[in-house]
Amino acid sequence: MSPEAIAPESGASTPPTSRGGPVSFNAKHLLGIEPLSVDQIQLILETAKSLREISTRPIKKVPTLRGKTVINLFFEASTRTRTSFEIAAKRLSADAINISTSSSSIVKGETLVDTARNLEAMAPDVIVIRHSSAGAPHQLAGTCSACIVNAGDGAHEHPTQALLDALTILDHKPTLKGLRVAIIGDIAHSRVARSNCLLLGKMGARVTVCGPPTLLPVGFDRIGSADGSLAVTDRMDDALEGADVVMMLRIQMERQREAFFPSVREYFRYYGLTARRMRSAKPDAIIMHPGPINRGVEIASEVADGPYSVILGQVASGVAIRMAVLYLVIGGREHPSRALEG
Amino acid sequence: MASLLVRNGRVLDPAQELDGISDVLLEDGRVSRIARGLQAPGSTVLDASGLIVAPGLIDIHVHLREPGREDEETIQSGSEAAAVGGFTSICCMPNTDPVNDNPAVTSFILKEAERGALTRVFPIGAISVGSAGERLAEIGEMVNAGAIGISDDGKGVMDGQLMRRAMEYSLPFKIPLIEHCEDLNLSARGCMNEGYHSTVLGLKGMSRTAEDAMAARDIMLAELTGAHIHIAHLSTRGAADLVRQGKKKGIHVTCEVCPHHFTLSDAACRHYDTNTKMSPPLRTEDDIEALREAIVDGTVDCIVTDHAPHNPNEKMLEFDRAPFGIIGLETALGLVLTHLYHPGLISLRRVVELMSTQPAQLINQPLGHLKAGTAADLTLFDPDAEWVYDLGQTKSKSRNSPFHGTALKGRVAATIVAGKIVYQSPEYFKE
Amino acid sequence: MSIMGPIEKEELMSSDQIARTIRRLAREILDHNRGQHGLALVGIRRRGVPLAERLARAVWEMQAVKVPVGHLDINLYRDDLSTVATQPIVQSSEIDFPLSQKIVVLVDDVLFTGRTVRAAMDALVDYGRPKAIQLCVLIDRGHRELPIQAHFVGKAVETDAVEMVEVRLNEIDCREGVLLVEPAS
């Protein structure tokens, strides 16, 4: 086919714009929120909003990624995230292959790079990777020709979680700009906290992170906020004061053994979310949690199941975000220059 | 009777206050005469015009991996890399497999060195059996076999009482105790410096306090016992301050720093390149500044490489799983000249003191100067030559350096050990 | 976009002509289907959407009945996703009425290769099983690559393959008219 044959039929060759300039994703990988521009974040969110409708149809499938192969490479167990990516791939008609590798191959001495090279034989278009080591997706991106999507790497980033959190917030609030968001819990070990702080910071929200000082890492106040919009506190009431959004993070039980705090009971006393504490937040504040919830550890049941809780909405947004990401990274690959068909 | 005449170089020997164009005649592996216009019929002549002629460089902190990990480095390959880097003597750390914690391993290393090494090799024995930090190794036996110091390098001696005993026990042998200062509880299985960058990258941090706390303890123990404590690969402002204070108080404390610690900060880890992972880790810009100050004011006694070869497959692991360490023998002088001499922080004389004169004194060897009758170990270098480090050319068996492709100013022209040329750069000498 | 803009060669339709054509097309659709019963209009994003809305308004003016209007984004059904240089922005499709037993008239501004219509039909059947699908376009410029023909054509224009037909509608472009343009070489 000659390029002329599919020249634009109309004047619609300028795509819609969000902030004046033409928008395109132009990124082969989604390794984290950190490298994304505001425009790219906006594009993912807008695309996800458009794609959400597919999941409400009688036929929940579009042929967009027909013939594409998506490998879900999970080195860490995570049924929820893996399922979400799998559904997203399938709704776009891609072939989804799940590979769950425990640490056994590492014990055998196979490196991540070895594993990746073996997968290359399947010629995947996208590798979605979950790994307990921070930076594993970056190393994969350096050795594979596939698009790499980070589905959570160690305590580093979990970009699709932050994106779906943003989408969920936007279901309840008109804009992220100027929003007061409290992120509470184990900040030190949380990739969700990092990705959310980066994303919300870029989008102009005012974030306060809160947790016991043992779980607040050095220099966190400088994350994603050149303008110093990120605040760090060890007092929960300060964090909740006037909050529009309250994000609770999961507390890993083993942190107790590692002496980050003395007991679950004591943790809940100072950092657990209760209905009484929520009174400091705005009356219409929403409560979010990346799940799975430890009821009575970081969040009281009455609050988790209460009217402000949008925890279930978060799950629905997840598929749409992952569909958008798969669509955009595959489309973001380098192509021979060709005009857009009208 | 083999003789070598090094002609017309700028001879720089701080020990003799020599700094000027001169000829150096080497006979029978020893320095014979230094004077202008020397005639030595029958001897090989090396034209050193435009080059610095210094006493051979000495690196008192390298890992040669033999015995045990000959796939990563051998005594021979390590010494070849050393020769390329201008080193005429290297001291190898005991964390081999088996650990050099007994005279048999010490002797093995020396025998292997004699058989195949291009440079002098001085073994360092372990402080504790298996470097496990529990019982004292046979320090006296190892010294008797040729060890020039003791260390449990790779990790700190966590038991303060064991460290005190080691210091006391080694007093009669007049050897330095070389301590890898790291409180393993405080460094908490981290894989890079604890700070803004570890937080951003989601990697476990090793706090600077983990190094400072053990340095403080060891300096206090040295005060108590009168032993010579040598702080290995010092990397923090805090530890530099402690050494400075210790020296002021008259405690027998010395220290060394590595080129990577005063040239790269923890920001270099941001692409998860495992060649930026070493222990102690790359620290902050503030620490870099502090190390440079400590080098300038004399707190630092010598520059070492902590040359630590690793198999590429292991370095290809995830950042937190990859082993610590980088190779450094071939880049050390270039980095020192580029980052310390050329910006005007230290003189060439001070470069030679830090890399030859003082390390020789630290290990109590009659090296590091060119007095008549001493071993004819010389390093010839061009402080102004610009070049780019290429790992493809390395003599090391490993490739784990963050400096591949780095432009450097100042390079080695020739390395002479016992009157024999063990390396000469094709850039300077054809043949 | 290049600094050298496309060269306008000819005005194919004025604003008035567009308005008249819309009324004629609305009449033809009603005549062809013997009234509005079971009729639905689905505009293909982007310019098919305002055209479908205008057709619905014309039907309202003629018969005082409301024909349901849907919006269809066909980007997820394109056959050239892995080859286009600029990735299309996906927008939502809005069809909030059941399609079964409906006669759906797809509406687009320009019919060219036919690939857009092919994608639109695939998209449409994912929403349900319409009784029939018909096609209405403002301009048919020829050069079909698929066996697709429009039922209702505003104007058929002979074009060269390299030329472009630019439809401008107030709702999107803040001006009105159809132009034949040639891209700057």
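A, B and C are the chain letters, set down in written order, and residue numbers restart from 1 in every chain.
Simple rule for what comes next: a contact is a pair of C-beta atoms (placed from the backbone, for glycine too) under 8 Å apart; a residue touches a chain by one contact, two chains touch by 3 or more.
All values reported here derive from a predicted model rather than from experimental measurement.
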Leftover contact groups, counting everything except chain A: B | C
item	value
Chain occupying the middle, per Cα centroid	A
Between chain A and chain B, centroid-to-centroid distance (C-alpha), Å	46
Centroid distance [mean C-alpha coordinates] between chain C and chain B, Å	76
Separation of mean Cα positions, chain C and chain A [Å, integer]	37
Contact footprint of chain C on chain A as seen in their complex	4-16, 22-25, 43, 46-47, 49-54, 57-59, 61-65, 92, 324, 327-328, 330-333, 335-342
Parts of chain A lying in touch with chain B, wherever the complex brings them together	34, 106, 111-113, 131, 133-136, 138-139, 153-157, 191, 194, 217-220, 222-223
Complex contacts: residues of chain C adjacent to chain A	1, 46-47, 73, 75-78, 80-94, 109-110, 112-113, 115-116, 122-123, 126-128, 141, 143, 145, 161-162, 164-168, 173, 183
Chain A-facing residues of chain B, complex	194-205, 271-272, 313, 316-321
